[in-house]
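Note that the chains are named A, B, C, D and E in the order they appear, and that numbering of residues resets to 1 at the start of each chain.
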Amino acid sequence: MAMKMPTEYKLVAEHVGIEYRVKRTGEYLQAVRDVSLQIKPQEFVCIVGPSGCGKSTFLNAVAGLLPFNKGHLILDGIKISGPGKDRAVVFQSPALLPWRTVVGNVKYGLELRGTDAAVMEEKSMAMIKLVGLGGNEHKYPNELSGGMQQRVNLARALASDPELLLLDEPFSALDAQTREVMQNELLRIWQETKKTAMFITHQIDEAVFLADRVIVLSKGPGSVVAADLEIKLPRPRNEATKADPEFLAKVAEIRELILNEKK
Amino acid sequence: GCGNGGSGASSGTEVAASAEASGTNSGNAQTEEAAASRELTEVTVAMTASGIAYGPMYLAQEQDIWAKYGLKVNLVSLDVAAITAGLITGQVPIAFSGANVVDAAVKSDKVKIGGTIGSVPYMLYAKGVGSLEDLKGKVVGASAPGGNNEYAMITLLQSIGLAPGKDVEVLYVGASILPTISEGKVAAGLLVPPMSFQAEKMGLTNLATLSDIEGIQGTYMVGGVHQPFAEKNPQVIENFFKAYKEASLLTQTEKEATLDALEKWTKVTDREALDGAYEYFKSHWPTEFQVPESEIEFLLNQLAATTNPDAKNVKAADIIDNSYADAVE
Amino acid sequence: MNTSQKAAEVTGIDLSSFPKRQWNRFYYSNERFILGASGVVFLLALWELIVRVNLVDPLFTSSPARIWTAGIQYVSSEGFVNDFIASGSELLAGFGLALVIGIPLGIVMGWYPKFNYLVDPIFNFLYASPRIALVPLFIIWFGIGMGSKVAIIFLSSIFPIVFNTLMGVKTIDPVLLNVPRSYNAKDYQIFKTVVLPSSVPAIISGVRLGLGHALIGVVVGEMTAATMGVGHMMFTAGQTFQTDLVFVGLIIIAGFGVILTSLVQLLERHFDKWRVDIHK
Amino acid sequence: MNTSQKAAEVTGIDLSSFPKRQWNRFYYSNERFILGASGVVFLLALWELIVRVNLVDPLFTSSPARIWTAGIQYVSSEGFVNDFIASGSELLAGFGLALVIGIPLGIVMGWYPKFNYLVDPIFNFLYASPRIALVPLFIIWFGIGMGSKVAIIFLSSIFPIVFNTLMGVKTIDPVLLNVPRSYNAKDYQIFKTVVLPSSVPAIISGVRLGLGHALIGVVVGEMTAATMGVGHMMFTAGQTFQTDLVFVGLIIIAGFGVILTSLVQLLERHFDKWRVDIHK
Amino acid sequence: MAMKMPTEYKLVAEHVGIEYRVKRTGEYLQAVRDVSLQIKPQEFVCIVGPSGCGKSTFLNAVAGLLPFNKGHLILDGIKISGPGKDRAVVFQSPALLPWRTVVGNVKYGLELRGTDAAVMEEKSMAMIKLVGLGGNEHKYPNELSGGMQQRVNLARALASDPELLLLDEPFSALDAQTREVMQNELLRIWQETKKTAMFITHQIDEAVFLADRVIVLSKGPGSVVAADLEIKLPRPRNEATKADPEFLAKVAEIRELILNEKK
């Protein structure tokens, strides 16, 4: 293993291409064609883009779950060659273990790291409260609503306290109110614990509200980076931010970008 | 060359340990004897299946007559093929079965024929067949290939001029000879008590008693010995036959004890049938153990004609060792 | 006529129509047992009846009453305890070994494709070969003592355990594997937390099937070489066509099997308590 | 030193490092076959070697070369064709019947809980009972002809098929049932479109296990009251200790079994082509 | 079966309560406590409410998939006692048959009704195009992105041409652009084919844009109807509608309602 050395960037993607082998035909589908981006330590980056453009694919490659066939993906100065304990993923489909209760699922990440039982219990209970699922600790996933499952998924990733948080549409099944609460909690945790975050969303306003930078991917499959916009809104952000003219301008700009991209 | 005599004898001893456990539980064996067992030679003796024909063996086991002769016998019932294998490897130093023992002696010079514990007094039962000659064109049942039952049937058929396989077909039906006759699946088959009593009850006809017919062969329960073991422990084999003789004599006087032993080992609980079987077999339990050379000759010929062509090159005298049986007298 | 009146006319899935009477209550909470017991009782009665009216010969088919008599006699005989202990310990040793080796082997075969490619043809062949014909050889290889029986039971029961475990592993929902993998979990951690729990039904079915093989193995093993054991008793009784006694042995062995199966099913219910019923 | 240079130093899962050379190409596209064949060849060579250096007695273990000689002789004898046809047709009839009855029965048992409650104890008992001890009775019930053998094969192989199908049905993802149910689909439509496809791996594993039982059933069935068949030949050879010939029979039966298993696996691969590989 | 008789309403829910039996504890969880609502034929009703309040539960009961323990649910004058061919459901989790390709899944509903093969092929191909998945007809569900799966789910329900469409967050995984297209297509189909629609969503603007009436459920479990608002915006609606002051007022009103509900 190459030595870990300090770099300016937490994550560097250089001309990354990712393909799927389609078992049925034996052919390869280039899901991501050429994505280059850099994420600084403690930066919050949002990725938006049309459905099926390769956002989840890219995120999974960063998580180390998918190999890439082109370019380089470098995390903390070391090429990504598989998953690592420094990352935690909130998957698009909740992927809860159906035989574990809510608390069992939230614990899971910590358990795999061999965390002390008492700490584990405490941390996961706190996270369950945080995502608004207090009182549901001992339910099984199939006894939860869609939005509740997604929050368990989020709690699991947050509980394991990673350096790099990879979130794939974590709030898509939440109502407006819950979503707002979650957004604020996520920002608070991110700021307090100095994490780096990569966040996929379809809500442009959500992206602008959360991010330091919003990256727009082009239509897929075979997507490239269509735009990379810095969001200079002051932090901490709150409901007032959403009325800020700069906020609204950025949202409109990105919407325009995506609309043009589609044509 | 395969496994040596030493390992054969030792594995025979190993198994005897389990016999010790069962021996303690069986009625007659006293606990003091278990303490004295250190002086006894342990030996595994195998037989095929269980039947009234082994009467003295059971009695000897129950009354522990073996102990008087310095033996501790571990009696196992083995499959025909397992007996062949056990004799050759020495896992079973003494075994009683049919042609397969001769086969083992042909296949390996480690096996010799050391005696017999008598011939099985078969009776032929049939349904819907008036006489022996009427068997022509019919199917008869035998238990298994190469067993006493089959060879007895073959010589019986031959003695009345029918060619087995041509004039009469022989079908292996395992333990189901009686029911296959009574259900009309086969025309006839050889039985011994207590099955023969059931046959009588079912109205089957007794066409022949083999011990009454001249020239019937293949009915002897041939005893094989593992030669390396026998060479090392000739006394054990000799004593085995001596004990057997004593048990055999005892069966003639100790009817109740014999019946108990039979019931225990054959699982036949019908006391009436056992009684009949006892009376029938009584005179067939031997006190002499020499194997007739003609019998072995016959079995060699059968083997040569069927499954083991090498049997042609073997002379009966070369594989028989009647010295142990002779020593009994 | 308003809608609620109309609704009352239609029988639906409205839970308020749920049976209220005592018997129904009792029935619903014990449905499984009541139905199961009635099936068994019905069959036994039919059997006894057929024999009683002389439709078949009890010599060949026995009858529940005759089996009961013979059973009482056998169970109270001194031989029974020895037989039972002998057969039981062979079964536990052989089947236990099959479990301890079969489940991990199935997991490893399912998880590492190369290993599977290497051993699959051999396993296929071994499984397809009628090993029963080799039983005499077992006596040479493993001795006439407990060894050969344990080996027969082991070799009879390991295959369904391995094959079903393998199948369970191969059909894991790959989405579930993403989570431990994203945490860089070790293989053994994945086995413990995902592979095993998600393969429970397949493994349990394999164990249940293996148990059936093992019980047959007891009889086959004791048929070939034994002085005691329930299987040996059955074999001896079969030689003299004591059908009642054969059935007694059969019922003892099957009863033991049913008890073990029930334990296994309890275990399954424990592990699968999260599962939603597919029934309406 | 820039990041891309550094990256090159680390061996990773970069697909560009995929083997390029001819042999590797060939190996990867035939990996399954190559590994499988080497396993088999290795075992055969080991066997022959052990016998050649007199570590074991060929009388008990035979050897590949001896089996080959005996095999050629048997296959070219006139008896072989008759034996093969007899055993083959028994197998097809018995096993075919088990398939045709077992799969629907398993589905129905899995789908209708009441039916399952009713028959489950009986099935458990029947499966746990060592049916091999009843073989003599089969001759009486089904005759000495093909009937008793077909019955034995059928009763040997139906249980794994039923139990595994049942397990497959019980573990269907209930979410998938919502769709046909919301369209008010008939039960048979649900069986066809959801239950069967989703139970494919479990059923196939059951069929594979059942096939093994069926092959043993051929030998057991032909052990009693048969005049021909490969199993009969094996049994006779086994009783007279012709080990080479026993192995010839074993290999013919197992070979046949492996071919049928491969067909079944092909079928599985066809039905499971949508499945994502769980392996990394 | 009671005779079907014309009623003023397509669907009537009267004090409906729905409970789940929790296998683990044997207890019952009252997911929906008391919901009463009426839907007129050809009406488009949206349901909003906090995550876990019982929206999906109620929709499944209307679909005939869940029994209800209180009140009445009457469809076309007949009490609902099970599923029927007059309804089609877009489930919250896509519930695609993994062994069927996209076209196979879209066909599925029609197939169950015994539709003629040629018609089936034509209809499903058209629907696949409509949801923007042309070219993906022969992919298996596991080769699709989350948003693509959701669109297949939608296409299946639309293809089967029911009288009552039950949609459970059908657009939650779609990007803004695709979502707009789908909204417009849905409205077009609904209007052209004169269907009745019940639509669950978390996007308040989406609810107002689509619906004739928006129903707000209270916090669950044990939810009741918190509000039932008529949306009088003219039809056909388009992008311009979203700038209409009445539109914005309604959105704000509902947001306020939900926020108060939560407290």
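To be clear about the criterion, a contact is a pair of C-beta atoms (placed from the backbone, for glycine too) under 8 Å apart; a residue touches a chain by one contact, two chains touch by 3 or more.
Chain labels with UniProt names: A, E = Nitrate ABC transporter ATP-binding protein; C, D = Taurine ABC transporter permease.
Remember, predicted model here, so these are calculated numbers, not experimental data.
Using the contact threshold fixed earlier, the set of chains in contact with both chain B and chain C is D.
Chains joined by the most contact pairs: C-D.
Ranking every chain by how far its Cα centroid lies from the centroid of chain E, the top place goes to B. Rounded to whole angstrom, the centroid-to-centroid distance between chain B and chain D, based on C-alpha atoms, equals 40 Å. Rounded to whole angstrom units, the spacing between the C-alpha centres of chain C and chain E is 46. Averaged C-alpha coordinates give centres for chain D and chain E that are 47 Å from one another.
Among the residues of chain C, those touching two or more other chains are numbered 60, 136-137, 140, 174, 181, 235, 238, 241, 274-277.
Multi-chain contact residues of chain B, defined as those touching 2 or more other chains: 81, 84-85, 89, 175-176, 179, 183. Residue positions 24, 82, 93, 140, 142 of chain E each touch two or more of the other chains. Contact residues on chain E toward chain A in their complex (touch as defined above): 20, 22, 24, 29, 48-52, 55-56, 92-93, 138-140, 143-148, 151, 169, 172-179, 202-204, 255, 258-259, 262.
Of all the residues in chain C, the ones that touch chain B in their complex are 59-60, 70, 73, 78-79, 82, 135-137, 139-140, 143-146, 223-228, 232-233, 235-242, 245. Every residue of chain D that touches chain C in the complex is listed here, in rising order: 31-32, 35-40, 43, 60-61, 111-114, 117-122, 124-134, 136-137, 140, 159-160, 163-164, 166-167, 169-172, 174, 177, 181, 201-202, 204-205, 208-209, 211-212, 215-216, 218-220, 231, 234-235, 238, 241, 243, 246, 249-251, 253-258, 260-262, 275-280. Those residues of chain B that touch chain C in the shared complex are 11, 14-15, 18-19, 22, 25-27, 44, 46, 49-51, 74-79, 81-82, 84-86, 89, 91-92, 175-176, 178-179, 183, 194-195, 198, 264-269.
Contacts from chain C toward chain A in the complex involve residues 175-176, 178-185, 189, 193-194, 197-198, 271-272, 274-276.
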